[in-house]
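Chain naming follows the written order as A, B and C, and within any one chain the residues start at number 1.
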């Protein structure tokens, strides 16, 4: 059974990373009604920022990683909001969806052309040494992923519930008009959400690229996983995104071992279908008022 | 054939809460055929929520709605429309890109034939004549082929009303039909509503804030405050009821 | 002279040009050698793409939903046709089966997805796209896997083989015309009015008796059927199919091209498809740039003129007959609320 346990732990590790992507996605949707179809590419890109910094400027990994996070927040946070989202808010949701889809294509092919079409190996934050724990084969790198991902999530949760700004952000997510009346600077809260999403995506990128290898086409799978995780958890809950991410990560990992590799990708899809059929509000979501 | 005094709409013990807020609590009333019932009350008293529950826009947390003796609680708005129930909305909701005539055809088309015949049949679903008559009735004649988005506010309100009546409904719920309409249009609107009521025997329930409008139009009034009925009766009786006065002044 | 007066003559002119341009007219004394095979292939590809785009236009431009699976339906149509015709089934039957299969799958996919929140169709079609891709790639016994299916034959019509590029092109023209006419009919019928209504104001539409869920499902199923029909024409056109053109990336391109051409118009899909097909041709020298530039152009267009190229055209060339709908200035005696 230790094999199974290993798979579950590894699944939790990748699941925590998926959760990061799903949380940002959910936050964006809640606060600003932005469906970011480029979310997968947002998780693909920062790794390439880091790789470029290391390859072209010779920076060490730690600096490159920090630079990647900063660049992401600038490009995928501030620029994304100001250049793409803001001009489109008044046009309605459909143009925004199309624009983020176009952005996804832009980022994907951009990386392919500017950097490389080949999969790139990516350094881990902690070295890949097997820990001497009897019965379980777990590496330091995996522990590192778990620790970093979970601390990021903890930090975010604390921020949202424990600080004034965080609570204002929650208020903006749930009832923007009410928040505005109460004096919350809604525009600034929305900008924070974009920055947080970019930051989380960057973290996810740095954590997942050692495992998947950095490749321009990662966005498709990562995006899909983020969407499934968000939906499984219940689209309008941050806690749900965390739960969703972990569940998807574990199931995905188990599938890799027990299901043929050619259909491994179909397993999260099956999960999506099941949830939509039997519990469309997700595991932790509230039952929506009658939708048309 | 129902008798003239049968109850068209029967609301029984209706309740609706959103999260912790109880918007409507234990509301019951009957509406007889041909009546024009007014529903008034201070802001936030639950009038629109009540409408939404009756019309399938929201699911009531408790209670039942019966139309012509049939339990229609929780049916979707489109199903209710096909049963002969129409409504207008507080916020103007015509289709601005369509012409006045097209708006009216849209309002009536789902009641004609089956879905398949609607695809294979005439583009106007045979409703051009009815639309014309409705336009004449509401005195919008010169605007028949104008995009409804270009009409004045009052004219759009008339169109909105006309759309609700296109399918010849037995019961129409009007949510603040007088809102934002100028005085001359208002007299026009009231007179047209009374005319339709007399001609077709349709039953109305009207939410309104404009006291003069609702008192002169309606045959009976129900007063809602904080989700409950606090008074019921003729316009005169309700106007003098101290509970009603207090409910309004208290806000 | 307004644009609508010119519509029919322009349409006839376009039809004539489309039919005549690829043909070699020198035999008739007209110094026009026609297009070579590659030119005819591009025109054919454009028409096939337009059919699929018409489908997406119905789903997105009229019913306001996002389908990320149109390329998957093309794949379903293409593989169905290839497999059936290789098994001896006449093309006509394969064509119809492709459309019906896509329609039914559309109903099955759409039914749970449209019950729920607004964007769930996008995610479900995304998942479906990936799933179809996996099936095509893995089930070698059926689809030939990564190697695909070779030697897809072109049909014969009334005994005449359509193998020559020009004949098959004319065949595609005819089918496109029929499907285009069908789309036009749907749009001007009460169904089309219902689609427009549910896109503009679903709540109001519902209150008028319009079964919004049912119509959304119908739009999605019909739109997907058009994808299937396009696929059925595509397979004999390229005569060899493999999974590549039916991946998610292609579905995304369909959304972009419909937006670019002009959502909710009849001619928009043709324009968008034209740009999408010609773009890689113009950018032959820098092939990798084509998708990037296309994406950038779409992003700019969406921000500046969300009604697409058709909308741009109308803005520049069509004078308005009435004052703008937005400025409802105070009419005498009108009191603003």
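We take it that a residue touches a chain if its C-beta (ideal position, glycine included) is under 8 Å from a C-beta of that chain, and two chains touch if they have at least 3 such contacts.
Nothing here was measured: the structure is a model prediction, and the numbers come from that model.
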item: Third chains touching both subunit B and subunit A; value: C
item: Middle chain, criterion being Cα centroid separation; value: C
item: Chain separated most widely from subunit C, comparing mean CA positions; value: B
item: Subunit A and subunit B, separation of their C-alpha mean positions in angstrom; value: 47
item: Subunit A and subunit C, separation of their C-alpha mean positions in angstrom; value: 33
item: Chain centre separation (subunit B, subunit C; CA means) in Å; value: 41
item: Numbers and ranges of subunit A residues touching at least 2 other chains; value: none
item: Where subunit B touches two or more other chains at once, by residue number; value: 57
item: Subunit C, residues touching no fewer than two other chains; value: 203, 206, 212
item: Complex contact set, residues of subunit C against subunit A; value: 60, 64, 66, 112-113, 115-120, 122-124, 126-128, 130-131, 134, 137-138, 202-203, 206, 212-213, 248-249, 252-253, 255-256, 259, 263, 288-289, 291-292, 294-296, 298-299, 302-303, 306
item: List of subunit A residues in touch with subunit C within their complex; value: 35, 37, 84, 87-88, 91, 93-95, 97-99, 101-106, 109-110, 112-113, 220, 224, 227-228, 231, 235, 262-263, 265-266, 269, 272-273, 276-277, 280, 288, 291-292
item: Residues of subunit B touching subunit C in the complex; value: 55, 57, 76-78, 81-82, 86-87, 89, 93-98, 102, 105-107, 109-112, 115, 118-121, 123, 125, 146-147, 149-154, 163, 167, 179-184
item: Subunit B contact footprint on subunit C (complex, rising order); value: 186, 188-191, 193-194, 196-197, 200-201, 203-212, 214, 322-323, 325-326, 328, 331, 333-337
